[in-house]
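Order of writing sets the chain letters: A, B, C and D. Residues in each chain are counted from 1.
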Amino acid sequence: MSELLREAGLIARKDLLIEWRSRVAVNQIAPLGMLVLVVFAFALDANQSLLDRASAGLFWVAVLFAGIITVQRAFTLESEHGIRDALRLSGIRPAAMFLGKLAAISIQLFVLEVVLLFGVVAMYDATVEEPLLAVVTAGTGTLAFSAVGCIYGAVSLGLRARETLLPLLLIPVVAPVLLAGTRALERALGVSTQAGWNWVGLLVVVSAIYTAIGLAVFGPLLEDG
Amino acid sequence: MSEPGMGVSSAARTRPKGLTFLSRYDDPAMSTVIDMSKAVVLLERFPALAGATATVGAGEIVLLRGPNGVGKTTFLRSCAGLLPVASGRLNVLGHDLVAARRAVRRHVALLGHTSQLYDDLTVVDNVQFWSRASGVRDGDLMGALDRMGVSKRLHSVPVERLSAGQKRRVAIAIVIASRPRLWLLDEPHAGLDQSGRGLLDSLLVDAAEAGATVVFASHELDRAEAVATRSLSFSGGLIVSDDE
Amino acid sequence: MQQAERKDSMTGSLATTTLGWASGASLIVVLVTGLITSPKDANQGEAVRLLYVHVPMIWIAYGSFIITAVYSGLFVAKAASRPDLGRHLDRVAGSAAEIGVVFTGLTLVSGALWGRITWGVYWQWDARLTTTVLMFVTYLGYLALRKLPADPYVRSRRAAIVALIATVNLPIVHYSVDWWRTLHQGASITVGNKPEYTNDILIALLFAVVAFTLVALWLGIHRYRVIRLEEIREEEGIEMAIAARRAEAEVGS
Amino acid sequence: MNSWGTILLGYGLVFGTIGAYALSVVARGRRVGKQLGIGAEDHDDE
């Protein structure tokens, strides 16, 4: 077990180190997330009360866009320069690779979400009534999203037209995560009085399901082609 | 073809200083490292190997000859356990690759045309990651980098700013550090300057003498023949001649 | 190599021809009873006629995807050790999925028209409808994956994994949407619950389900055979390529 | 839109789509079969 975590840590550390060196997330993906929030304001005619009410949903749609790009980048890294063969020849087990990738993508997305949350508070005049709920919602929602993202990142690895295949496969399966994440965040932002923590419970269950599936299928998926 | 050093391990073999990290191989238990017969390997629907047969013994340095597209690369990748064998038989280092392809990979190093390095990471980042991935202690790393003449100055340079030759030296250093029992190299001399090639040739001879086995494809026949103990000629996905 | 039957339609055979005629005839009966002979319903009036083409669609759509899921699961379990069986399982999963997508599309269309008459609106964000449209898109993605050029075994295994994940996803979607909507406006009036129908309507409905199921079966068998024929063509291509490679080898050496 | 219009549209779409899909499947089968067929014996038309 500890060997698995050591290898997963190796992969996560490598992914985050690449991010640290290349700064793509900071230079490109975070600004893109903010841009999406701005564009929503154009679309909704900067109608402050509408933006305030929809802020939780708009936040998660921005996270969805940024998340798809983060997943695509995380798997493109592995498909260049024959790295995929080198990874398969290294002793790292697929389960460790899945957990490593999951951790790296989740951390990057979570940092992005903190930035986006400030954007939502500033631009949509939202107020974070229950910070703990907001943070836990973002965390579990990101974990669920990243687990599904890793699975479909591996499914589309090496396939032609994978840039369009990945979102097409990913979004229907991530739909419940967006739904639950939005309802829980609405409570955290004081927009609704729904039972936020119940929705977080659903996010936890979905994260567990897709993490388990990821651990099971990542080996066969990396093995092909 | 000149015989640089007997392929078969001779009793009293003096090993040059500085190669201690190559000394970990015990005498190879089995003599046949690669046993391939009538192997068909398909790339999508193209029969890259169309029934190839060959055997390679421990300690040998085997040159794969033939123009592009005759199956040399596929032969190397199949022996590394990366490609499914559609039909025929393939045993490498005692592992039956038709049944299970993953087990052999720990003992094999495959160096292709690509750098197999992360562009955004520095030389040290890359070497550290890849060697830790194959369970090697960092100590051997720096020795391997020095062995391939990668100067300390380059260690903290991102790999994308390196020349092809320097990337190739780093990639070979990683192969040395991971100490495989079977070296599978696809045109290893490509991109290396004169001194790099000299380093590589001596490396291959040392590895074979230390009990490892080397199989490499190359177009630079004069240099390759000087090093190889044997050569296999490929044509149309088949091995058509096998000469000492 | 199994020799394809020399018939006018390459995918026909005695069994499918009789099945074809049977399903064709029963469709005509559905057309007649649905539009003419069956009575109006007490409260929704003529709209009940649309149910004869809506309810069977739902049943066949879900049924097809259950078949895809089961065969995909068997594929993941068995295909590695038994390639021929694997090919068969993959073909069934693929043809059932395509039938499923066609009938899910028809479910949505006929449901929208039925909704338009009875509720005055084409779409309702209730659990069943939302789950159906997500199922439709999910399996469109599955079919898109199956069409991509790749090694057959690789493609089949990834498609099987996508189908299994889709099967896990559907109950999650249904549960979360159901919970979302009931929070929204109390127990929502789902399209599905059937008010009290007279017997002859129910009989006509049952017959329609049987008729369309025969049609779906007929389509599935033909679709299966098209995949089989395409595989024979591919295998022939490979054998020719191997022969050509060998000829190249003689010339080359 | 009176209900009869919608009902007939519904029937038209359902029967039409199934019919079109059936034809496409059989036609595709015939086309591939012909290619295979031609591979074996007659070489006349495509």
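One rule holds in what follows: a contact is a pair of C-beta atoms (placed from the backbone, for glycine too) under 8 Å apart; a residue touches a chain by one contact, two chains touch by 3 or more.
Keep in mind the model is a prediction, meaning the values are calculated, not measured.
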Closest chain to global C-alpha mean, per-chain Cα centroids: A
Higher-contact pair (C-beta pairs counted), C-D versus A-C: C-D
Centroid comparison with chain A (C-alpha atoms), farthest chain: D
Separation of chain C from chain D, taking each centre as the mean of its C-alpha atoms, in whole Å: 16
Chain A and chain C, separation of their C-alpha mean positions in angstrom: 32
Distance between the centres, which are taken as Cα means, of chain D and chain B, whole angstrom: 55
Between chain B and chain C, centroid-to-centroid distance (C-alpha), Å: 50
Residue list for chain C, restricted to those that touch at least two other chains: 149-151, 153
Pairwise chain contacts under the document criterion: A-B, A-C, B-C, C-D
Residues on chain A engaged by chain B in the complex (per definition of touch): 7, 10, 14, 17-18, 21-22, 77, 80-83, 85-92, 223
Interfacial residue positions of chain D with respect to chain C in the complex: 1, 3-4, 6-11, 13-15, 17-18, 21-22, 25-26, 28-30, 32-37, 39
Chain D-touching residues of chain C, taken from the complex the two chains share: 4, 6, 8-12, 27, 31, 34-35, 45-47, 49-50, 53-54, 57, 102, 105-106, 109-110, 113-114, 116-117, 215, 218-219, 222-223, 225-226, 229-230, 232-233, 236
Touching residues (chain side chain B, partner chain C) in the complex: 40, 42, 44-47, 50-51, 66, 70, 84, 233, 235-238, 240-241
Interface residues, chain A side, partner chain C - complex: 151, 155, 158-161, 165, 168-169, 171-173, 175-176, 179-180, 183, 194, 202, 206, 209, 213, 217, 220-221, 224-225
